[in-house]
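Take this structure first; my questions come after.
In this document, chain identifiers A, B, C and D correspond to the written order of the chains, with residue numbering beginning at 1 in each.
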Amino acid sequence: MAEEKKKRAITRLESSALVRPLVNKMYMEGALAGMEERPVAWSMVNWWEGDIIMRAMGVTPVYPENFGTVCAALGIAQKYMGVSAAEGFPTHLCGYAQNTIGYTTEMKREGKVPEGAPMGGMAQPTFMLCSEGYCDARFKWFQSLRQFWNVPVWTLPFPHPVYTDPSLQDVHKVNVEYMAVELQGFIAFLENLLKKKLDRDKLEAMLNNQEKVFKVWWEINELRKAKPCPMHARDFWTMMVPCFYTAYDPETLAVYQQVYNEVKARVDNGIGAIPDEKYRLVFAELPPWHSLGFFDKLAERGWNFAAESASYHPPPPMELNGGGDLPYRIARWTYWSYINTGYRAAKMGYPAVGAAQPYYNWAVEYKIDGILTHPLVTCRTATFWHTHSMNVLRDKLDIPGMSIQGDIVDLTVFDAATALNQAPAFEESMDHFRKVRKSKGLDW
Amino acid sequence: MSWFAGIDIGSVNTKVALFRDGGPPHFHMIQSGANYRVAAEKALDEALGKAGLSRNDIVAIMATGSGAPRVDFGTDQLSDISCSARGVHSFFPSVRTVIDVGGQASRAIRVNDEGRAINFAVSERCAAGSGRFLQIIARVLQIDIKDAGTLSLKSSNPIIYTTGCAVFGESEAISRVAEGTPKEDILAGVQNAIASKIANLIDRVGMEKDCAMVGGGALDIGLVKRTEERLGITLLVPENPQLMAAFGAALYAREVIPTNSKFDITHREA
Amino acid sequence: MSSKGLAKAKDIYANRAGRVRELKAEGKKIMGYVCAYPPLEMVTAMDYAPIRVIGSMDEPITKADTQVPSIICPMLRSMLDLGMKGKADFVEDFIGAHTCDCAEKFCHLYQHNMQFPYYHFLDVPHIAHKASFGFMKAGFQLFQKTLEAHTGKKLDPDRLKQEVKKHNAQRALVRELYGLRRQDPPLLSGSENLQIMLALLSIPIEEGSGMLKDIIAEVKARKDGPKKKAARLLLWGSPLTETSIIDMIESLNANVVMDDICTGTRHFWPDVEMTSDPLDGLAKRYLDDLKCPRTFRETTSSFEEDQEVRFGYIKDYAKEWNVNGVILQSMKYCDTHGYEVPAIKAYFDRLGIPSLYLEHEYTMVALAPLKTRVEAFIEMIS
Amino acid sequence: MYFAGIDIGSTMTKIVIMDDEINSQVIGPTGAEHRHLANKVMEEALSKAGIAFDELTYVVATGYGRINVPFADKQITEITCHAKGVSSIFPSARTVIDIGGQDAKGIKIAGGKVVDFVMNDKCAAGTGRFLEVIADALGLKLEEMGELSLQSKEKVRISNTCTIFAEQEIVSKIADGVPIEDILAGLHEAIASRVFHMAEKMKIEKDVAMTGGVAKNVGMVKALEDLLGFPVLIAREPLLTGAIGAAILGKELVIKALEKGEAIEKGARLLEAASFFK
């Protein structure tokens, strides 16, 4: 890639470089655990519900979804997706799933981590952990992986209460209790599988650390409301990883604290993530991992991305009451991370439903000029609300939207050329609506 | 003399508009062929020749169209979405929605009272959704796209294509001809197919009257009529619908480039 | 509506909305619902006529494109489209359910567009652990609470038990009707059967059961049933709301004699157990007994055994209805069924029952390419 | 006894007349108009074989255009016919990959019978038609196109899936001076991998026979063999397997009927134009 060489328009946070070692460490641990035949779990992103318990029990989780992003970024995913299709899986299924199914097929064929697998590949699992969170098709593909791995699959429930339920309060109690009970069940499952007891003190210590990480990471994103926005979505996507997978780790906390300091310093000195911030945008939902250089081209035009990826932000400070034991506490955080946008939307009188809510909130709080959506051919969950989000922003806040067709893994779908060709037209559109917003007395 | 040029380097045709304050515009159109750069140069020089002008009379050139980014031509470049919108609006100031049926794709564009594109939707990259489908079928029927419209209006029972692919649609049309299906029904079938795709695009950006249709597709009054039926409105169609992007580009050239400045007009400075 | 038996089913199928509007005019309260998960016994116990909201393969989706991207389940998009076009105006109150991922989101967006005075969303767990039944029951209780608040009526437990009996009785009739397709040639065609099922989803229980009794008597006596054909097929997969695909199959040398789709057996098969608290029996029926790939089934000692747990009941269908081929069909963009295909295909391969996977766009047109596949499949198995 | 198999494809009409071996074979010239004139091709085949139409014991029609052939006794899908035809030529073949004008197919066979198959016919991308369009645009024969692509040093990716736009893309790439062989190599690879992954769904088994006009394109053959990792079998006339299979299936039907002493179901047998649209 020639464009990699020339200077980037986005000034990345220096401290974001500190994240890379954390991620590498995560993968190394996975590979190592495999070699040393210690328990390894293939785990879905489970929004802090199961990871921390597995870690406390000495299980090393590896994350097929994150592995999918790596394979995509390195262009290896294409091959694995081809293999998955050959296995008879429809090609509209989740790109991460297709990637993992292809990878696993190769792994079984070669009887080891397949040649050319990035980051040391994913070690053979002792068991697999699904989460119902957000996208419930996900447990379907771990179910499918059973044809390769004869290991147990455990599924963590994840209630999806209606966003506009007037009796939400009653629902919360039922939901959190259900999750807590099921977490007890998960602990029992692990204790029985691993023939050892959970060290609750260890878990509590990890949980304390994790909650601190939530706080800092949340505050960092709050700082991005500043003009110009000090931190670009590129940095968010790099840094969301440790919060997701290693929030229990004191090193993670230390890194986020440094990130906070750097971002704070930028805000204090009025430094933006791009040289000349003409437009502030929000990005929905998952980025094209294989073509992130695309954002530098937009940055050259003065496009700064101040918010993004609703489902991947840390939970805000907890507003859900209730104490309870450790599983209960874990359940509350995970549940809160899901329900908090509904909470905020309720305060605003539900101008939007579903995942359009956070985008509405952000548009107001981050003074957004436009929304760029990235409909994904293979991800219905991340794509479902795009049109509604664009409609709500256009109709209720006079913020225009633009779509760029793509996929999380399949790079052949992504059409950057067309998008760049349309960029000037979209800038006119953003200029126009700025005037409209002003004329309606909105302050951006 | 201070003339401004807009050049729309499209996938099928390259169009030039020459424009000067207070005077009528000059238009010229040639086939793009394989080499966009050659087409651009040729189209511009022929246009100038026709108008009795030389390159020195040109203050600035705005290039647009799907071919533009591939050739480093013109003083500056702008997306054909903006240019179409601007061009149409200068003819019909009341227009708020523009349907542009081009060779590469169909577009629905919402414009404001200044002729700025404020929202747009573009059809996916499949010929069956573009004006290209029409040209292919017209070629099969050995008729000019202009006559296609009048002819298709005779259709009493438009065929329904069994495929969503322009290539297969072509074979199907050929067999239809061979079996004596009236040409007008074959044409009307394509027009219906494209009209319904256009309706979807309109739904995506939302319809605000007045609505105009431009691009090569608008030369086909049959397509215009069926789109009108589908949308339940009357469409405004300028005299030279396929030249609107070029004209809009000329207007932008007038706007964005200070008249006094003089610089290399065939190449953008790096 | 004057017609009886098969003719009646045909009429209702041809004009569902018309029939429901009649009901509404007769003063029936209409409760729209999605999928097979809302507890219809509770709905009828509150004097509503439950009408399933479905899409149409016949109506091009236009309006819904302004609300959802085109890579979303086409049936849900069509349901929203019809709603936006006022073609589901008979729905008064609405209960949605978290069946699959897209359905969950659809329900909220549907309500956002339709603004029904009463909307309840039933959050159905994807696992059937012990605690899940309690969760499901709590969901029913919340439904009861909100519906009582909305209607100002109380749900009487004894009435609910009566309703359970009534619904079970209809389920028994449906199973009896399916039984008439065990013989060769079947007494009832696949298309006729689907018409009847879709009609049942559009009329009150009593009316439906009455219709079923007439049809069973009529069919047992008929002479003009389907001809003997080379293939006896079982049809599996995503919901069908029109007969077009089955028509296409049966226009060839095949009869569709059994199905596993949720506008067929899935919706009607399992009874509700009579429990002292009826909600317990309902929770078990709707969470566990109802067979839809949207529910995760606990893993076992091997993948083969998993398949047995997940698909065993379809094998029983195949045996009892003596089929010699299985058509696996799914509309494009259905993840729930898409993931299932390789596993279920492998399962039937192991049983020595040939199967064919058809992916369709949920429209009546462009079935020609699929036809060649089915034709070849029939040539292959006969 | 004489048997005829007629395979009406989207771009070619093929007819085989046989008793114990093939007596005559005709491949109608390209051009959709020609499908309409299937009866003319039949007359040509008959005169070649030197027999009258009534002397044909049985006529089986197959292929995309089989539906309304008024002079056929029976219609059988091209899938079954290709399987039969291929295994009569290559008894060792277990997999057939047929890239025709209107679709691409993978067929698994055992004992001359179809055991599994997959098909793509959504759009021209990934079918032989894609190649024809490009060949026309470049003024090349399919065969020449294959030859040329073999000289490629570095494959070029075509970003458009849509045939029409890919054609355009290719033409302008050539104008930009990209070597034609590199473009063609990229093109062949793209189509081959689409077809390969589709066929792999049935778990491709050796031997693999390639049929359809595209089998004459060495570039496609090589691209496919690279993916398979072993050579494929190609009949002397890869276009004819469908028609041969149809004729043989007709013959088997008749013989079976005669053995059982049953009557042979026959069609109306009007030697008229075939139709696609009723």
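Keep this in mind: contacts are C-beta pairs under 8 Å (C-beta built on N, C-alpha and C of every residue); 3 or more make two chains touch, one makes a residue touch a chain.
It should be emphasised that the depicted structure is a prediction, and the values quoted were computed from it without experimental measurement.
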**OP:** Starting at subunit A, figure out the least number of steps needed to reach subunit C through touching chains.
**Re:** 1
**OP:** Compute the centre of every chain as the mean of its C-alpha atoms, then state which one is farthest from the centre of subunit C.
**Re:** B
**OP:** Write down the pair of chains with the top C-beta contact pair count.
**Re:** A-C
Original post:
Whole-Å distance, subunit B centre to subunit D centre, using C-alpha means?
Top reply: 39
Subject >> Averaged-CA centre spacing for the pair subunit D and subunit A, given as whole angstrom >> reply: 48
Subject >> subunit C, residues touching no fewer than two other chains >> reply: 65-66
**OP:** Mark out which residues of subunit A touch at least two other chains, giving numbers and ranges.
**Re:** 87-88, 387
**OP:** Could you list the positions in subunit D whose residues touch two or more of the other chains?
**Re:** 122
**OP:** Make each chain a node and each touching pair an edge, then name the shape: line, ring, star, complete, other.
**Re:** complete
Subject >> Touch list for subunit A against partner subunit B, complex >> reply: 387, 394, 400-401, 405, 415, 417-418, 420-425, 428-429, 431-433
Subject >> Of all residues in subunit B, those that touch subunit D in their complex >> reply: 11, 33-36, 38, 70, 104, 125-127, 132, 136, 159, 163-168, 171-172, 174-179, 181
Original post:
Contact residues on subunit B for subunit C in the complex?
Top reply: 160, 162-164, 196, 199-200, 203-204, 206
**OP:** Could you pull out which subunit A residues touch subunit C in their complex?
**Re:** 87-90, 92-94, 97, 130, 132, 135-137, 139-141, 143-144, 146-147, 150, 152-153, 155, 157, 159-167, 170-171, 174-175, 178, 181-182, 185, 353-354, 375-377, 380-381, 383-388, 391
**OP:** Please name which positions on subunit B make contact with subunit A in the complex.
**Re:** 66, 69, 78-79, 81-82, 112, 114, 116-120, 122, 124-125, 204
